[in-house]
Amino acid sequence: MNIRTALLAALALASTPPWAADKITIGFLTTRTGPLSGISGEKLEGFQLYLKTTGGKLGRLPVEVIVADDQNNPDAGRQAFERLAKRDRVDVLTGIMFSNVILSVAPAAVQSKILFINSNVQPSELAGERCNPYIFNTAYQSDDTDEAVGRYVTERAHKNVALLAPNFPAGRDHLNGFKRAYKGAIAVEILPRVGQLDFSVEIAQIRAAKPDAVFVFLFGGMAVNFVKQYAQAGLAKEIPLYGAASTLEEDVLRGAGESALGMVSASNWNADLDNPANKRFVALHEKEYKRRPSLYSFQGWDTAALLDAAVKDVDGKIENREAFRAALRKASFSSARGPFKFGPNQVPIQDWYARRVEKDAQGQVVNRYLHTVVRGHADAYASQCKM
Amino acid sequence: MKLGATWWFGIVAVVLLVLLPPIASFTQQEFYIGVATRVLAYAIAVSSLNLVLGHGGMLSLAQGSLLGAGAYTTAILTVEATKDVTFLPGATSAWITWPAAMLVGALLGLAIASISLRTRAIFFLMITLAFNQMLYYLFFSMKVYGGDDGLGMAARSDLLPGLALENDTVFFYVALALFAIFTFVQHRLVHSRFGRVLEGIRINEPRMQALGFDTYRYKLVCFAIGGAGSGLAGALLVNKNLFVSPGLLDWLQSGTLLVMTILGGVGQLWGGLLGAAAYLVIEELLSAYTQRWQIGLGVALIAVTLYAPRGLGALFVPRRP
Amino acid sequence: MSPVLATTSLRKRFGGITATDDVSLDVAAHEVHALIGPNGAGKSTLIGQLAGTLRPDGGTILCNGLDVTHMPAHKRVAHGLARSYQITSTFRGLTVLDNLVLAVQATAGSSFRFWRPASAEASLYDRAREVAALVDLSAREDVLVDHLSHGEERQLEVGLALASRPRVLLLDEPMAGMGKEESARMLHLIERLRSSTTVLLVEHDMAAVFRLADRITVLVYGRVIASGKPDEIRRDREVREAYLGAAAS
Amino acid sequence: MLFLEQTLNALQLGLMLFLIAAGLTLVFGIMDLVNLAHGSFYMLGAYVAATVAAKSGSFAAAFLVALAAAAGVGMLVEWLLLRRVYGRGHLSQVLVTFALILIANETVRWIWGANPIDMGVPRSLAGSVALAPGLSYSEYRLAIIVAGLALAAALFWMVNCTRLGIWIRAGASNRDMARALGVDTSRLFTLVFGLGAALSAFAGAMLGPILSVQVGMGEAIIILAFVVVVIGGIGSVRGALLGSIVVAAVDTYGRAFLPSALGAFLPLDIATHLGPGLSQVSIFVLMAAILFFRPRGLMPATG
């Protein structure tokens, strides 16, 4: 569907006058090649699922989604964005998965006055001093998930925790996020190589440090590798494992299977949250795609819902950027995650939920909601933003 | 001097490129000016690899790291200039940061080659891969310059008071001018005494040593010149995107540059432009239409290898005398 | 007059085999000194050590009084030492003239020149044509090396060595694989070299050796068993026994 | 105790690397072919084994099907495509095999989808066994070590004591001479390439349960395999074994003990920051050093 519309857009564009807000064009820049293209594909599915419910409209405006591939590479991502901005003249940009592409594209989006709704993790720079009226976030600031887990681990009275995150600057930021909320001692801090395959060495170090709990920030293939190997080393029963949202998300559960049972993580959304918006979303998703939604498809869905409400508020007149931005800030829509409003830096203030990996009635490995760890949580960098 | 096919092809290519911006802005497709600028930047990098591989006979996987190092040099100097307290003398003028990028590329090239040249053929490929990854991890773990999240630049380097690089068309013509100069220098180089010695070394290195040439030093200088070219390409790329990330130094990037060089035609003067243009245009066109574009790219590369063994460059130019 | 090239107790072993066993040899100026011996006597190994492609295990090599024993191959050319190869080693894909220009370029100033096209330097081409004439290849200057006959390529082989005006020329079996008429031409060429340079000639063609050589050294199993004028060598019993047999009687 | 466990880990990584490197060095040595796409057979092996194991439930069947599939695809690719680039030198081979990586990744994504798929550990080997007081080591990893050793022994037996082995060693040391002596090199090449693919697939199937079976998993391990082949010396299986043990040891001990070792004389936070960084480049520093002193690897098979 979206390939054909991409062709139509290119042709129609050359002829129409520069400005007639009879439709809203969304640039969906995401990673479509390489190992992590799976989860970015789910984000697009969530977004398109919402459009199905509104008959392909946001507010009263028909929607046109143009998909581009950033190949998880800032250089290629920048060029794909320029195609969306200059040739396809998109009104809104969303969908980017990785922080290095986000940081490469965000300044260009601001410059060309395109509203950038980052539906994935918000790097600390964009939440802090380089925040901007044109940049919104519908997910969370990268360290929030670790902070929530830190709070929950302290609640559970763990005294001596081992930490593990990949050896890159963002990895250490996540560990600092955990340390902000965790009050106990750190048994050991291990920084494996990014893209590492075998964690037997690190698992042996954890066993030797004899912690009473382990906190891990990993994602994608690395998370699958670690969870599998941790369970096989027989540690899963002895030392409880806590992870960030992405470490135990749906894609990792599908890859790791039963090895993830009993592991706990904290997220701003879970499939079994019982609020009407979420129930409708999960039901529609399972009917359409025959599988449970993941955090990434939820992020796509919620971003579409936000846009729908904002376009309704300005009654379709999106060419008035200020009014459209104000409508977005108001965020008058019921999010599937529960209570939701924007902080001063346009990063969500929301509740965080602890969840454990268990087998559901049909024997499927799922995340089950435990309880709400914190309500109305704002990210730690909001104060640095002078918007 | 009778203009050989190489020159005719060159003139046609340059004329087409000169006319591109006016055509693009007329049809409201300014986007393709940006694409062409990126092709020119890559063409310079591929031409310098062409010098190292085509004339120096050195199959290197280190070009990505040299290109990335040049980009980082320009970005760091520009960022340092905006900071008030700094130990590094910052500069935003292109007349300082771009030559600095070339110098860093040349020096790193010299350092890598001085050790790698002890090995031959496929071992040389692997040892340059090793150095490439060392540089990659160096920039990857430099938290102060953004580490893996990359480093942004506030604005493009300033060139001349009247000439603002912010304007994409101006930046395109600057890139085109640099590419033309680089190609002319490469042409002179290949036909100079130094170029002749390189060719002799590529054909029969032991005999060249018996004739009295210290072949090690010639290959070293050739690799350094290649490094300088890659550094310049890096400076252009970081200016175009106002952003650089360690991903630019990864070995897959070096691999892509190697593929472009082979695609364009090893040892062909216009191989760099052809290889870069072919690869990037295929990538741009195919990725717009199908998510499976990499299969198309793979099939195209195999087709070129089987049916145009000496690369695209050779299709226009008869075999060299 | 001090020898142009002299080795004192040169030794080289490959594992168990002693390829060069305590060889002391000297070559006087403008002399054609032939080095003969059966296959596997260590002639090529000796040439390799003189040219610098092999590192001797012991002993010294003096060239015009300068110790070049451990000097890298490319530096020896500057000190007047040049060599040709037993197996032809030229630059395929280039013309005869370009081959010779490359050789001339090695000793005509630095080649770290990046701007001026080499084709514009007339001096290089003049010298190259001079060498082409020396080795009777003037008529074949613009022919690609790939299209030369075996004999002509051997002549080019010698030409490449001559390009640097060497004081000592090491010729490794220049007549190898040549027909009657081509050998005669090569023999005549070496005779003409006598005036300008000193030649250490390794050759199997006994007729040529006895025609050309001022002195002959015989190498067997890496050791020098005899060295002297051609007639002395012809009559030397030990040499005849070990090597010449019927040919010398 | 920790040292013993890390040594087992090193041995396990070493053997897996050996399986991949052995195939690579044979193809490299005998056919003088730079095969960047060797990792794709590793990926294929993991995917096929995961699918068959999920459907049939039996791991033995999964392995056999994986090996057969990889060998089959390998021979087909060699026969159809690679045969035409032998004489062309490494440039064209780099281009063709780079293209094969692109095609293999996309095809696997087309068939199995983009997300990692799960390959559980066989029920019988799921637990961990107490090797020594306080040291419980995963049964499956022990199985990997045993299988790796068994296959290494079989490979050595085949290379050293069978007719095919003589052909292979002849091809490795001097290809033209082997051809002159009547070795039907075209059939040998196809066979060797199929064998290399099967070995790589076997490693993929073995590691499937502990690693993430995902698109592009081949590229991560292929660099390590090339490092092993180059350190060990091209064309020599013995060199590949030595190389894989050396690389695995440096990588494992570097990751395990370097941070704490640095901690001894560096302030703690710099050590935890520097240690992993250094261990990250340790393999590449090792390869550069070895190549500096032995430009043709530790045990080149002449050739």
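Lettered A, B, C and D in written order, each chain numbered from 1.
Keep in mind that, in the parts below, a contact is a pair of C-beta atoms (placed from the backbone, for glycine too) under 8 Å apart; a residue touches a chain by one contact, two chains touch by 3 or more.
Computed from a predicted model, the values in this text were never measured in an experiment.
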Contacts shared by chain A with chain D include exactly B
Higher number of C-beta pairs in contact (B-D or B-C) found for B-D
Chain B and chain D, separation of their C-alpha mean positions in angstrom: 33
What whole-number Å value describes the gap between the mean CA coordinates of chain C and chain D? 50
Cα centroid separation between chain B and chain C, in whole Å? 44
Interchain centroid distance [CA atoms averaged], chain A/chain B, Å: 36
Residues in chain B with touches to at least two other chains are numbered 141, 294
Where in chain A do residues touch at least two different other chains? 33, 37, 167
Taking the touch definition from the header, please name the shape of the chain graph: line, ring, star, complete or other. other
Name the touching chain pairs, please: which are they? A-B, A-D, B-C, B-D
Touching chain D in the complex, chain B uses residues 53, 59, 115-116, 118-123, 125-127, 129-131, 133-134, 137, 141, 251-252, 255, 258-259, 262-263, 266, 292, 294-295, 297-299, 301-302, 304-306, 309
The residues of chain D that touch chain A in their complex are 1-2, 5-6, 9, 12-13, 105-106, 109, 113-118, 120-121, 126-128, 136, 138, 140-141, 207, 209-217, 220-221, 252, 255-256, 259, 272-273, 275-277, 279-280
Listed in rising order, the residues of chain C that touch chain B in the complex are 51, 53, 72-75, 77-78, 82-83, 85, 89-94, 98, 101-103, 105-107, 111-119, 121, 160, 163-164
Seen from chain A, its contact residues with chain D in the complex are 33-35, 37-39, 41, 167, 189-193, 195, 197-198, 200-202, 204-205, 207-208, 220-222, 224-225, 228-229, 232-234, 251, 254-259
In their shared complex, at which residues does chain B touch chain C? 188-189, 191-197, 199-200, 203-204, 206-215, 218, 221
